[in-house]
C-alpha cells in the first residue's frame, strides 16, 4: 500500500497546484473583466469596448493556464531524468560506470528505497545515501515545481491583464487561441494514422524481405504452420493472403446481409411509424447490442449459435462445420445492427419534413414516401452508417477468434470454416512461436494490408457520398 | 348540393391501384416491426443466456463451523496487539473443527481432501474477525466460513454428484451431504465478488479490480476523447476551409473508424509503451489507445449532429452580429450537443467492451491488487471476462457470466443516460 | 439587456473553463504518470498461456504470504513472452517469463545480444496433452499410430509411398475404431500445445512405419535420397539431416477440414465437444480434469490420461513446462527470490501441492530437487 | 342551398365603435364561440363544401366553427394575419393535418358530396384528388423528370414509359416550365431557381390530375418576377382546376382570386367576392386588416 501513498502524494501535490491554478484563473477572469469595464468607465460605456468584458477575463485566464500547464507537463517529463542524473553523479564511480540498463535497475532500487518500498537485498550504504539524497531532491523539486508553475500562471495572467485596453481585440485573440486548439484536435487523426503506419510499416518491410510481396498478395494458400520454425521444414509453407481476405469478406458480407435489412428497417420503423413510446424504449435497447463486449458475442456465437446452426443443418441433411462462417457472420451481424439502425435513424430524422409533406400531398402512402423520397434523400447518411458497420465487421476480432476458427479455406460456402485477417493477426502475435520469424512479421504485413484496404475503401466511399451530397444540396 | 361523383379517368386508376398499394404498405410496415422485434429478441436471447448462466454466482456457499479461537495459538502473551494477531497462524484453528467433526477421516491424502472443503481464504477471514474484535479470543464461536469452489459447485448443482463420485474427490460428496444435513451449509450473498480483485481461486475472485481498471481507463478515454472529438468535429464542420489538409483529415478520420482495433493495440505498443516509455498494463495506456479508437466515432457523430443544425440558425446568429465562434458556441453547439453525446456514449460503450487492443499493451494480465490510479497495473472488465472464460475451473463459468452481467449493467446505465438526453433534446427540423 | 448578454456569454465561457480544467487534470495525470514509470515495486511476469494458470496461483500465494506486492502476470504466449523478456535489462522489461517449451537457441542469442546474459531456467512440471470427446459418445482407445494416420497430411499408402491422407472415417484408420467421421478440434500451429502434440503424438506415430523411422535416424545423404524416393517425397524437400525431412512429413497436419484449428481457448473446445459428440479435441490435461463430467480422455497406447499415469510417465503425450528468470533483476525488483522460493516449495509443486490441484503434473522427486537447487541458487543457463 | 346570413354579430362589432378602433389590440378580441361568418359562405357549384369545421392541436383550438364552400374552377384566396388558422384550414381539405400528431378535426368537409373525414374515405385517394403546393418549394432530391413522374408512378396513372413522358411534358407545359427545362430533365430538381422549383412543385401536383389544388403561400419565398409567373400560372390553371390559395399578400389575393375569405384567430370572419372584400369589407376586422391597420 506504500506505493499507493506515493501516488496519492504525487496526485495530491498535483491537485493542490491545480486547485490554486483554478483559484488563480477565477481571480484572473474577474480582474480581467473588471479592468476591461474600468478602462471604459463602467457598464454604461460598455459599447466602447471592442469585445464583451467576459472575453477580457477569458483572455487573462488563457494566458494564465496554458503556459503554466505546458511548463508543468514539461517539468514532469524532465524532472525524473534530471533527478536521476543528479543521483548518478553522487554515486560511487564503479556504480556510475555500469551499463545504462543496469544503472536503470539501480535507480529503480534507489527509488523503491526512497519511497519506502520493500527492497530485496539489504541496501549498501551508498544506495542508502543515494535514496536519502533522492528523497530530499524530490521534495525540493516538487516545491520548486509548484512555485514555478504558479509563478508562471501569475506572470501570464499579469501580462494579459496589463495588456487590456478598450481597443484590444480580446474576442479575436481568445477565438484564435480556441481555434488553434481545435485545429490541434483535428490533427490528432493524422498523427494517429502516421503512428499506425509507422508501427506496422517497418516490420512489414522485414517480412517482405523474407516473403515476396506478390506471393503475399496473390497467393491462394495461407498455411503459416510449416517452414517457419528453424527446426521445421516445410512442404507447403505459404503466405498467400487471398484466403484470409476471402474469409474476411465472406463473414463481413454475411454480417451485413443480417445487419443492413434489420438495422435499416428498424430505423425506418422507429423514425416513421413507431409511437414515441416504442421509440423511446426500442432504440436504446437495440443500442445495447452495440455495447455488448465482443468477447460475449464470441461466446454466444461459439456456444449457442454455432451448435444451433450445425444441428439445424444436420436435421436437413447439410454438412455444417462446427465453426462455420455463417455462425460468426450472423452474430457479427447482430452486433452491428445498431451501427446501421442508430445512424440511419438519425439521418432519416434529419430529412426535412417538407419532403414528407410534398409526398403525402401528392397522395403517396407512407411506405411509398419512405422508399421513394426519404430513403433516397437519406442515402448518403445511410451509406455512412453501413460503411461504419462494414468497417466494424472487417475489423472485428474477438468474435471471429472464438467462432470462426483458423483454417484458411478459400470458399464462398458459408457453412464451411474460414479464417479472417484479424484472427490471423491475433494468433500470430500471441502464440507460442518463436519471435522475429516470418510468422510474427506476417501479422504486421496483414495489419498493413488491412489498413490499406480500409483506406482505399473509405476513399472511394467518401467520394460517392460526396457526389450524392453535391447532387442534393 | 353536389353533382354526385363525376370521377375523372385518372381517379379511377388511382382507385384501382389502392388495394395493391395498401397491401404493400402493410407488408412494409410489418417488415419494419418484424425487424425491430427480431432485434429485440436477439437482445432478449443474449440476456437470458447470460443471466441463466450467471445469476448463481451472486450467491456463495458458506460452511458454519464451531471455531475455538485458542489464545495459545493466536496471542499467547495476551497482548491483543493486531500485529501479533496478524502473525498468528489461523489455518490450524480452522481445520480443527473439521477434524473433530469427521474423526473417521484418516490418512494424509484424505485429510488434505477434507481441508479442501474450505477455501484457502477461510483462515484469513477468521483472522480479520479477530483483529476487528479481539474479545473473541478464547471463545468458541460458530463462524460461517467460505467454502471451496468445488463444494460451491456441488451445492449449486453445477457439477453432477455422479461425476464427482467417480473422481479423486469422491469422498467430498459424502462430507458435503453430512454438513448439509446438519444445516451447516448455506448460500449467502456473494459480497467478495464485488469487493475483491482477481484470484485463481474462483470462490475468492472478484471484479472490483477489473471494475476499477475499467473506471480509470474510461476516465482517461472520456477526458481525452470527448473534448478532442468535439473540438475536431466543430473545426471540421464549422471552420475548416475546403482544402487538401481538411480532405486529408476527413479521409483519415473515416479510415480510422474502420481500422481494426487490434491495429490500435499495435500502435499503442509501439508509441506509448516503447517510445514514450509508459508502463505496460496501465489504464493510462489503455485509455490512450481507446481514445484514439473512439475519436473517429465521436468526431463522425459530432459532425453529423452539427450538420443537422439548419444553416438558418447560423445565419440568424451571424446576422445579428455574432462572431463565427460565438455563433458556434452559443447556438450551434447547444443544439448539436445531444447528438454529440449520443455519439460519445456509443464510443464509450465500444471502449468499455473492447478487448483486442488491450491484448497488445499488456492488460491481459493477472492482477490481484485493486488499482489505485491510472498508473497501477490493471485489467478491465471485458479482459477479466476473457481471462475467466479461459480458466479451467468450473466455478469460473458462472463468474464469467456474472461479470458479463455487471458489465451489461454499466452499459444499460450508460444507455439510460443516452435515453434521457435524447428524450430531452431530440428535435426534428 | 446588457446584463443578460453578459450572463449568456459567461455561461458558455464557463464551459470553456471547465474543459480547460479537465485537460489540466489529465495532463497532470500524464505528468505524474511519466514520473511513476521510473520505478517498479512489483514483479512482472509474462509468457505462456499454459503456464499462466499455475503461475497465477503461485503469485497469489506469494502475495498473501509475504509483504511484497502480488506479481503482475501477463498471458502473452511463450513466444511473445520471450520477445518481451529478451528485449533487454531494465525495469520496463519483465523479470520472469513462462514457457510451455524450452527456450530456443535463437531466442537465447537474441537475449544475449540485448544484454540479457544471466538467465536461470526452471522446469516446473509437466502438462499432459489429451485427446478427448464428449461423454455422450463412447470412449476411444487410440494409438499414436492411429493419430498419425488420422491427422497427418500425407500417410504411407498401400505401396509404401506417401499419399494424401485418404481417411475420412475412424473405421478406415483402424477397424476397431467406431464408424464415425474424423473431426478433431485442436490448437493452431502458433500454439505450444500443437508443437508438443506434433512431436509426441504424430512423430511417435510416424516412427511406427519402418521407412519413416529409418529416415528419421539417417544422416547419410544417399540413404536419405533413397528413402525419399521410396516414400515418394519430392526431391525439393531434401535436407542433409534425415530428421528434418522426417519432421516435414510427420509433423504436417492435414488441412482438408478433418483437423480444425480451434484457437487457443481450450474451454471453448470443451464446450464445442459437448455440443458435437462426434468430434475429438486436443488440449491440456487440466481442462480434462476440470470438465470430467462433460468430456472423457481417450486411451492412448492403452494408457488413460489420468493424473497418476502422466506423473509416472506412463501416458505418452506430455510436455515439460518452464519459467526463466532474469538474474540482473534479482535484488533490484523486490521479491524475485521469494517468488521463486514459493514456486519451488513442496507446498506448491510437490506431489500434493496446490499446483497439482490445478492440474500441473509434478516432476519426480529427484528432478524437483535438482531444479529447486538451480532455482534457489539462480544457476545460470549454459550460454551459447 | 341555404344562404346563411350572419351579419348580426358582425354588425354589432362594426357598429359599436367604427372610429374608436384600437388597432394595437384587435388580436385580443375574442369573437366568441357563436360567431357567425359575414358574407356568402355557400356557392352554387362547390368542389369542396365545409360545415362547422373545428381543429384542435392538443388543447389548442385552432379553427373555430368554419363553414365555407370552394367553388369549382375558381380561385379562392384565404387571407388573414399570421396564426389565424388559414393554413390549418387549408391542410384540413386534403387531410394533411393527419400527419401532425395530436391534431383533431371535427365538422363536415364534403368533396363532391362525400365527407372526406368519413371512415370509408381513403386518404391516399383523397390526396390524389386534392393536391397541395407548399410555402417553401420542396422538390424531391431526384431529377426534374422523376419529380413530376413520382405522383403518376405511385398512383399507376401511366401504363408505360411513353404515357409517363406525356404526363411529364403536359404537366411541365401547364406549369409553364417545359421550355426552361426540357433539355435537362435529368438534372436534379433541387438545382433549379426558387421560382422554377415552385413551378416544378405545381407541375408535380397537377401531374396527378387532381380536382382541387391547395396552395399554401406558394409565392411567399419568391422574388416579384417569380411571383408574377406563379400568379399567371394560377390564373391559367383555373380553367382545369379548383384552387384554394393561402396568401399573405392582399395584392396577390386581389390579383388571382375570385373569392376571398378572411380568417382571424381561428374564425372565418368574412367571405365574399374578392372585389367586394377589397373594396367594401363588411366586417370591421376585415377592414382593419385590408387597410393595413394590423397584420
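Letters A, B, C and D mark the chains in the order given here, with residues in each chain numbered from 1 onward.
As a convention for this text, contacts are C-beta pairs under 8 Å (C-beta built on N, C-alpha and C of every residue); 3 or more make two chains touch, one makes a residue touch a chain.
Just so it is clear, the structure is predicted and the values come from calculations on it, not from any experiment.
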| item | value |
| --- | --- |
| Separation of chain D from chain A in steps, with touching chains one step apart | 1 |
| Chain of greatest Cα-centre distance to chain C | D |
| Pair joined by more contacting C-beta pairs (B-D or B-C) | B-C |
| Approximate Å spacing (C-alpha centroids) for the pair chain B, chain D | 59 |
| Chain B-chain C separation of Cα centroids, rounded to whole Å | 28 |
| Distance between the centres, which are taken as Cα means, of chain D and chain C, whole angstrom | 81 |
| Averaged-CA centre spacing for the pair chain B and chain A, given as whole angstrom | 19 |
| Multi-chain contact residues (two or more partners), chain B | 14, 21-22, 227, 326, 375, 389 |
| Where chain D touches two or more other chains, by residue | 124-125, 128-129, 154-155, 208 |
| Numbers and ranges of chain A residues touching at least 2 other chains | 3, 7, 11, 178, 299, 352, 363, 365, 368, 429-430 |
| All pairs of touching chains, each written as two labels joined by a dash | A-B, A-C, A-D, B-C, B-D |
| Of chain C, residues touching chain B in the complex | 8-9, 12, 15-16, 19, 22-23, 25-26, 29-30, 32-34, 36-37, 40, 42, 44, 46, 49, 52-53, 55-57, 59-60, 63-64, 69-70, 72-76, 92, 265-268, 286-287, 289-293, 307, 352, 357-359 |
| Chain D to chain B touching residues, read off their complex | 1, 45-46, 49, 110, 112-114, 122, 124-125, 128-129, 154-157, 208-209, 211 |
| Residues of chain B defined as touching chain A within the complex | 14, 21-22, 24-25, 28-29, 31-36, 38-40, 42-43, 45-46, 49-50, 227-229, 231-232, 234-236, 239-240, 248-264, 266-267, 269-271, 292, 295-296, 299-301, 304, 307-308, 323-326, 339, 342, 346, 349-350, 352-356, 359-360, 372-373, 375-376, 381-382, 385-386, 389, 404, 407-408, 411-412, 414-416, 418-419, 422-423, 426, 428-429 |
| Contact footprint of chain A on chain C as seen in their complex | 2, 5-6, 9-10, 13, 16-17, 20-21, 23-25, 27-32, 34-36, 38-41, 48-49, 67-69, 75-80, 82-83, 86, 88-91, 99-101, 104-107, 110, 115, 153-154, 183, 185, 188-193, 195, 237, 239, 244-245, 247-249, 251-253, 255, 257, 260-265, 268, 271-272, 275-276, 279, 328-338 |
| Interfacial residue positions of chain A with respect to chain B in the complex | 3-4, 7-8, 11, 171-172, 175, 178-179, 181-183, 185-190, 192-193, 195-196, 198-200, 261-266, 268-270, 272-274, 278, 280, 282-296, 299-300, 304, 334, 337-338, 341-343, 346-347, 349-350, 352-353, 363, 365-368, 370-371, 381, 384, 387-388, 390-392, 394-398, 421-422, 425-426, 429-430, 444, 447, 450-451, 454-455, 457-459, 461-462 |
